[in-house]
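Down below are the structures I want you to see.
First subunit A sits with subunit B, and in the next complex the same chain sits with subunit C.
The block that comes next holds the complex of A and B.
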């Protein structure tokens, strides 16, 4: 019995490789950069990512709000977005 | 914005200031922020509430945007209906 258990292969390591990118490391990497935030409603916000937290609450600067049809609706200086409304956050490659 | 580490700091710095709050179901509030918590529950004073509704004109098929406003002295907002909070523009 004890010989049999010795032949069992060791359990595969569960830890991911140290270089792995998690969603949170991606978000940290775009701090201070132009971003695009889409809400569940379809409304889009473009601006500079100032900071964010674990709820995905977002603070943005120089924010532009675009309606569902893509038309510019309004501009804000600073904006707090409540995280539960967020569908996705992406780096804004089209920003000047 | 260098003193901001968490998004809620933006709200903390807006205490006693007039803020713009966008809510679900096409509601907007402008009022003085008296208090808030981590859920974004808020107490606002001297509030102007704007409700925007769209209707389609039967004859011309055009969209008509209707805005109705009302004023409230003091208001408690439940945090879960909040979409966006924006402090007043400091520069302008």
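The block that comes next holds the complex of A and C.
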């Protein structure tokens, strides 16, 4: 098998990682999807990402608020989160 | 060898695709995961993430598939991921 294949192409010269996902491409990929947002305080918001900007200001729909211990605190229809509070945004695969 | 110096962000760029350990500023939070990319603010996209929060001596781990981490509170990046316990 290996003899039949043409010689290997020369190793790509220090090719940049082909699968680099920058923050902006990641944000585009999770628009309209269920997300989990963790604030620096430890409070978590789960909902549908409606839109956001470069400051990580976030507008969410069908939002659930979870306390630091993970218990459901409240539900909101629409939520605006100011970006300076955001620790991270995660595509929420476990969301229904 | 004329370019013996490596810019800080070049070091981060070399970590893309491999494991990285992120220590946050002034919070008892760490994340480990595979670095997928970052921007000029060192906001980072991580995959297969474990978030470790230590509150009152209690260690809590949360697993997440993918995360966009705000670079604002990042203190230290350690290439290679967290050390084994």
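Here, the second predicted complex is superposed on the first by the 76 of 96 C-alpha atoms of A that agree within 3 Å, B and C clash if a C-alpha of one lies under 4 Å from a C-alpha of the other, contacts with A are read in each partner's own complex, and residues count from 1 in each chain.
Following the convention adopted for this analysis, contacts are C-beta pairs under 8 Å (C-beta built on N, C-alpha and C of every residue); 3 or more make two chains touch, one makes a residue touch a chain.
Bear in mind that the values here come from a model prediction, so they are computed numbers and not experimental data.
By the document's definition of touching, of the two partners only subunit C reaches A:22; subunit B does not.
In the overlay built on the shared chain, the residue A:61 is in contact with subunit B alone; subunit C does not reach it.
More residues of subunit A lie in touch with C than with the remaining chain of the pair subunit B and subunit C.
In the superposed model, A:49 makes contact with neither subunit B nor subunit C.
In the superposition on chain A, contact of A:84 is made with both subunit B and subunit C. Using the contact criterion defined above for the overlaid structures, shared-chain residue A:36 touches subunit C, although it does not reach subunit B. In the superposition on chain A, subunit A positions 84 are in contact with subunit B in one complex as well as with subunit C in the other. Within the complex formed with subunit A, the residues of subunit B that make contact are 1, 4-11, 20, 40, 79-80, 82-87, 89-91.
Subunit C makes touch with subunit A in their complex at residues 16-17, 24, 27, 29, 31, 36-39, 43-45, 49, 51, 53, 55, 64-70, 72-73. By the touch criterion given at the top, residues 17, 19-27, 30, 36, 38, 40, 42, 56, 68, 83-84, 86-91, 93 of subunit A touch subunit C in their complex. Contact residues of subunit A toward subunit B in the complex are 39, 41, 50-53, 57-59, 61, 63, 76-82, 84-85.
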